[in-house]
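Structures given as structure tokens follow.
After this come two complexes, each holding chain A, first together with chain B and then together with chain C.
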Partner chain A sequence: MTTAVAGTAVRAPGAARARRRSAVIGWAFLAPLLVLNLVVVLGPSIATVYYSLTDWSGLGPAEFIGLENYTKAFTDPDVHQALLHNVIWFVLFGSVPMAMGLLGAYLLSQVRRFQVLFRALYFIPYVVASVVNAAVWKMLLSPTSGIGHQFGIDHSWLGDTATSLFSVNFVVDWHFWGFLAVIFLAAMQGIDPQLYDAASVDGAGRWQQFLSVTLPGIRPTMIFVILMTVIWTLKAFDYIFIMTQGGPAGSSEVVSTLMYKQAFNEYSAGYAAALGLSMTAITAVILAVYQYLRKKGWEDE
Partner chain B sequence: MTTTVIDPATTTRTSDPSSASPRRSRRRGSGGGAGAYIVLIALALFAIGPLVAVVFNAFKNNAEIGTNPLAPPTSLSLDNFTEAWTRGDFATTMRNSAIICLGAVLGTCLIAGLAAYALSHLQVPGSGIVVGYLFLGSALPVQLFLVPLFFLWTQLHLVDNLFGLIVIYWATDAPFATLLLRSFLLKIPKDYTEAARLDGASDLQIARRVVLPLAWPGFLTVALIVALWSWNEFFWAITFIHDPKLRPVATSFLAFQDQHSTDWGMTSAAAIFMLGPVVLLFLVLQRRFVSGLTAGGLK
Partner chain C sequence: MTARSFSRRRFLTGASLSAAAIAAPGVLTACGGSDDSGAGSGSGKVDLWLDIQGDANQKYFNEQVAALFEKANPSVDLNTTYYKGDDLRRLVQTALQARSGPDVVRGPSATQTLAWSKAHALADLTPYADKYGWKDKLSAWAMNAFTTDDKLFALPMRVDTMMLYFNKTLFASKGWKQPTNRDELEALAAEAHGQGITAFGSSNVDWKAAGEWLMTVFWNHYSGPDALHQALSGDIKFTDPVFVEAVELVQSYFDKGWLAGGVDKYFAVPSQEIGANFGKGKVAMIPQGGWFMSQVGQYFGAKAKNDNEWDWMPIPALRNEVKYPLFELGIGGSLGINEASKNKDAAATFMNWYYGDRGAALQRMADVPATYNIPIDFADADIPKKIDPRSARVLTSLNKAVSTGDYGYVTWTWWPPKTDVYVYEGLEQVLTKKIKAADYCKELDRLFTEEKADGTIPALPAQGPAK
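This part shows the complex of A and B:
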């Protein structure tokens, strides 16, 4: 490569040579990142496309079976149930932390004292490990030593098929809303204070100011967070896996936990690959729709 | 652990809440005060209450927890801590986590630092595609590449291997780190690096002598976030490390908790071992954590 650079230097002026040199060095500097990504992320991702078309245990040779895994997924009641749980999860996870985050951020933007302290307290659950947060709430939701027990309600929140999904979702919402509050607060601090003054001169109350000034002011952030919520919903895994492992009786199973079990407990790695690829396809469609709407000016009116 | 940084246009607006000084907050007329604070305090109790209960329970024996799960302890016994430390083998797992954190931080800073330098101070044809790929690639669900990666790592004998886990952390954290560092490096005037180049410095020398000293706040943020993620990380660790002697604290804590699922006093003490360092560090370096995690940590 160096000879090529030297060769061109004879004909080309110094600038071209420098550009060439810069490009070579630039790719050399990028190489570790790109090679690593190729080995860990991109290569295996492409392999998933192939394996999703095979019957494969995850260890031995894979047998090509065409689209069988996908037709199986379409009719698999476990997949249907998991998808339904993902939808429920999205509705809850897309509304509860959002509402709490907006409330916390709006009130914080209104006060002057202890703002930094409150912000820190709200943020702490987000930096604590999922395994620890899950353990804390397993204790607090336990029928023998939790909050319910304290008040005489010995209900097994995580052990009951009717409440397991909602209980895990509650814990995820709890650890997450403070993060949204901090993001929203930052966005709200970027709103021109004069807009509030104008609104209050017009006789707008606090609630009206929130609706007519605050929400439009943080609109790009809101839309971005909603998009991320969809992606996070499809990625929902940690807390479910730790707290209920999708149970009892599949009552808190989502697609990601189902896929993990297919791969590592059932040794249906080919089927798991098909599920993983389907999830990615859903994510891609959502991203594409988002980009399309953004281009059409939905975001910046 | 895969980070998701999708849209530079919108993330930059939310990117650095800590830089927006809280003192800049809008003055309010009367009527704001007490009501707002009551709700804010209620929210704070909701956020922190459960963690306070864990601190309380770590000092109680199980009989006391059974009768009084949420109240402060009546005595300060350290029995739970000493027992959890030995039974949970925290000496070993803390060492494993320290190795993993250090390895992940150093490697990510090096890999991402080089890449960020190329993407900000060198003219690389196609660098726009690389940046776009880094944004988009981090939205990929790990489920997409998990199974073949496990297969590959098994072949390479990198399962049950701390280095194997560290390499995965490099790959999953580096895109976020590169984008964050790039935003720091873009603020360094190109004149500086050009001047050094005219003086005959090589790009490695420029990176080390000129860029690094100016970009250290970016590296510090990346180091903190990567260390936090590596310490807390659970998904890759539980999938790729099965030997109890090699487990990091996160998965070891999980196994410990499963084993002693009714011994809330001891699991609470173990939980303190895990969350204590994180919360202390967070309180000291709050601004840096918040800006780093909100900039790219939308994971």
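This part shows the complex of A and C:
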């Protein structure tokens, strides 16, 4: 012990210098990105906090009004409706593509021939730009010329307040599930094949193998995907904006489209900033919970 | 303040700057030196962002506007960038806030441009208007809409009105006459509907604000321009039954399946599909703005693989007390100068060229239907002979409406900005039966009263014959 301390004491000046040098080099490499982050992330973030406390049209001077925008958001029925739609969106977006992705990946993992071809086919909707997908589906869902119409169903999927949100969500699920399938397949391929052999020897069938070997084996990937799904749900915007613009009559409105309308149509950019920050706070809470559970070893159980 | 102004003036008139100016006269010219009025002759690069869509239309602008302007003004380089309509507005608004963006600002309708002006994002054009005599060149009613507190904040870009386009071949084959009043219109709509033909094509799928086109039609041709003038002047309320009934009438046309084939289809069928069905004769009429004239042709004739023809008629009077024909007047879009522009004089040079040459402006109106209909005063005889007779009829009809006073008011020009947004957002609530027509008008009136009190409302043209 004494020797070690003495030895450390002898080496200390050189080692400390080396540590300092490597730290300086590390910071030097980080510096450009940090500066960039300060300019494009931190600066606008601080500005957003300030504007959320003001009555600001989005142009010209802003008038400080304290927490008025936040209290308004709490009582605004449009915000409540949009938040509810975000929750519905999360339930659907978090379950349908996940289930389809898992099933697709598992089936694909059993296939040896043409696996690459199927993977590519699954992936195509995800690669196509959302604006293209949305425009095509808008036509496909038309009540007078779309797919349904060809089969004698003239329902107006996007024009009916009862189905507009679900219809847009369907298109997003269609766009997304192939991506999840490929991610899950990659995770499944990392599972030790001996585990399947052992399960088989123990008399486990395909379903039991899936439940007892596959799912635990891809647990970290699944948890990461769930986390990302929550974040993507809160950010949901492009498909809704292109296909329904939140309509009809707000029936597919989510917080992000409402925010856009407030900022650019209603000239209430201060209020839009408050809505945006509220959503950021919700995302931060979710991330914090995830990090906490991760530290507790939840992913690896 | 006085001391600072004095010292700055002394500095500017100082010997050193004079010497520099004598030595390098071009330097000051390039910076857009101003005369005493604040409006100088500019040169250099001028950025212009536009929402002209389609290769042919952009080619026309590049060749017949940008190139001709640069030929006439070799010292100014007009740099045009094209965007989609919705994108353009968002981009310009964001750029204006950041004190950047184009020199010439293609703004939205008068009512929305007014909001930009109130936020001091647009330059005061009054000195340029005085210098170039714009007030003598452009129609007074349109210029007044862009003047607030005696300051001109933009120039009106395009005269808008609403018309009823119809499939002429279908009308001929069915023996239908052009309706002029509500009874005739409803009889025709019922007959078309009975034959499986959509009486009035309409959709808000590609343009969310399309609902205000409908309200413009029904408020003008049912409630009437007198009632509208009184409401917009604050003399009566938008809760007056004459406005509520107009909203109920729109709703009833949807409920009967006459408009768009029903509310659900209005929210779901893309406008391209409606246009194609219009060309085929599956849609009889389309209530649309003058701008539609530059698009409707694609749905008819050899290109659309049919032998049908289109035409337009004035919107029928929907109440006996309302005149026929009546044309609602408004301005679609504006051209202003960015307050943050470093080349305001050159931007004004372009605007003066664009608005100042009456002959060239009339030729553009003749070449491209509706797109270039700037509000200038002209006699019917001035219209170039090489013009589509249907386009010519729009110009002569509007001239007559202005001279006789038989005109109404479009929502996107004469309503204040937030009220204008509620016109179409709130209408969706009515059509989906979330609120009643009376509640819609009540909220509309609340917003209008609030914005009118703030002064965020364009100057309304006086009733009667106007210039």
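One rule holds for everything that comes next: the second predicted complex is superposed on the first by the 264 of 301 C-alpha atoms of A that agree within 3 Å, B and C clash if a C-alpha of one lies under 4 Å from a C-alpha of the other, contacts with A are read in each partner's own complex, and residues count from 1 in each chain.
Please note the rule applied: a contact is a pair of C-beta atoms (placed from the backbone, for glycine too) under 8 Å apart; a residue touches a chain by one contact, two chains touch by 3 or more.
Keep in mind it's a predicted model, so treat the numbers as computed, not measured.
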Exercise for the section: Could you tell me whether chain B and chain C fit or clash when both sit on chain A in the superposition? Expected result: clash
Exercise for the section: Kindly classify A:Leu234 by the partners it touches after superposition: chain B alone (first), chain C alone (second), both, or neither? Expected result: first
Exercise for the section: Would you check which partner chain A:Ala204 touches, where first means chain B only, second means chain C only, and both and neither mean what they say? Expected result: neither
Practice task
Considering only touches as defined above, state whether A:Leu215 meets chain B (first), chain C (second), both or neither.
Solution key: neither
Handout entry: chain B versus chain C as contact partner of A:Ile88, first or second or both or neither
Key = neither
Practice task
Identify which of chain B and chain C touches the larger number of residues of chain A.
Solution key: B
Practice task
Scan A:Thr144 for contacts with chain B and chain C and give back first, second, both or neither.
Solution key: both
Exercise for the section: Please work out whether A:Ala273 is in contact with chain B alone, chain C alone, both, or neither, and reply first, second, both or neither. Expected result: first
Practice task
Examine A:Gly58 and indicate which partner it touches, taking first as chain B and second as chain C; both and neither are also allowed.
Solution key: both
Handout entry: Partner chain in contact with A:Gly159 - chain B first, chain C second, else both or neither
Key = second
Practice task
Give one of first, second, both or neither to describe whether A:Ser251 is in contact with chain B, with chain C, with both, or with none.
Solution key: second
Practice task
Mind checking 8-16, 62-70, 80-88 or 332-340? I need the stretch of chain C that runs into chain B in the superposition.
Solution key: 80-88
Handout entry: chain A positions touched by chain B in one structure and by chain C in the second
Key = 58-59, 138-139, 142, 144-145, 264
Fill in the blank from the handout: In the complex, the residues of chain B that touch chain A are 2, 4, 6-7, 10-11, 13-14, 16-17, 20, 22-29, 32-33, 36-37, 39-40, 43-44, 46-48, 50-51, 53-54, 57, 65-66, 68-70, 110-112, 114-115, 117-119, 122-125, 127, 130, 136-137, 139-152, 154, 167-168, 170-172, 174-175, 178, 203, 207, 228, 231-232, 234-235, 239, 250-251, 253-254, 257, 261-262, 264, 267-268, 271, 274-275, 278-279, 282-283, 286, 289-290, 293-294, 298
Practice task
Going by the contact rule at the top, pick out the chain A residues touching chain B in the complex.
Solution key: 19, 22-23, 25-27, 29-30, 32-34, 36-37, 39-45, 47-48, 51, 58-59, 100, 103-104, 107-112, 114-116, 118-132, 135-140, 142, 144-147, 149-150, 174, 178-179, 182-183, 185-187, 189-190, 193, 196, 200, 220-221, 223-224, 227-228, 231, 234-235, 237-238, 241-242, 256, 259-260, 263-264, 269, 272-273, 275-277, 279-280, 283, 287, 299
Completion exercise
Listed in rising order, the residues of chain A that touch chain C in the complex are 57-61, 138-139, 141-145, 156-161, 164, 244-245, 247-251, 264-267
Completion exercise
chain C contacts chain A in the complex at 89-90, 93, 96-97, 115-116, 118-121, 204-205, 208, 261-270, 273, 277, 417-418, 421, 425, 428-429, 431-432, 434
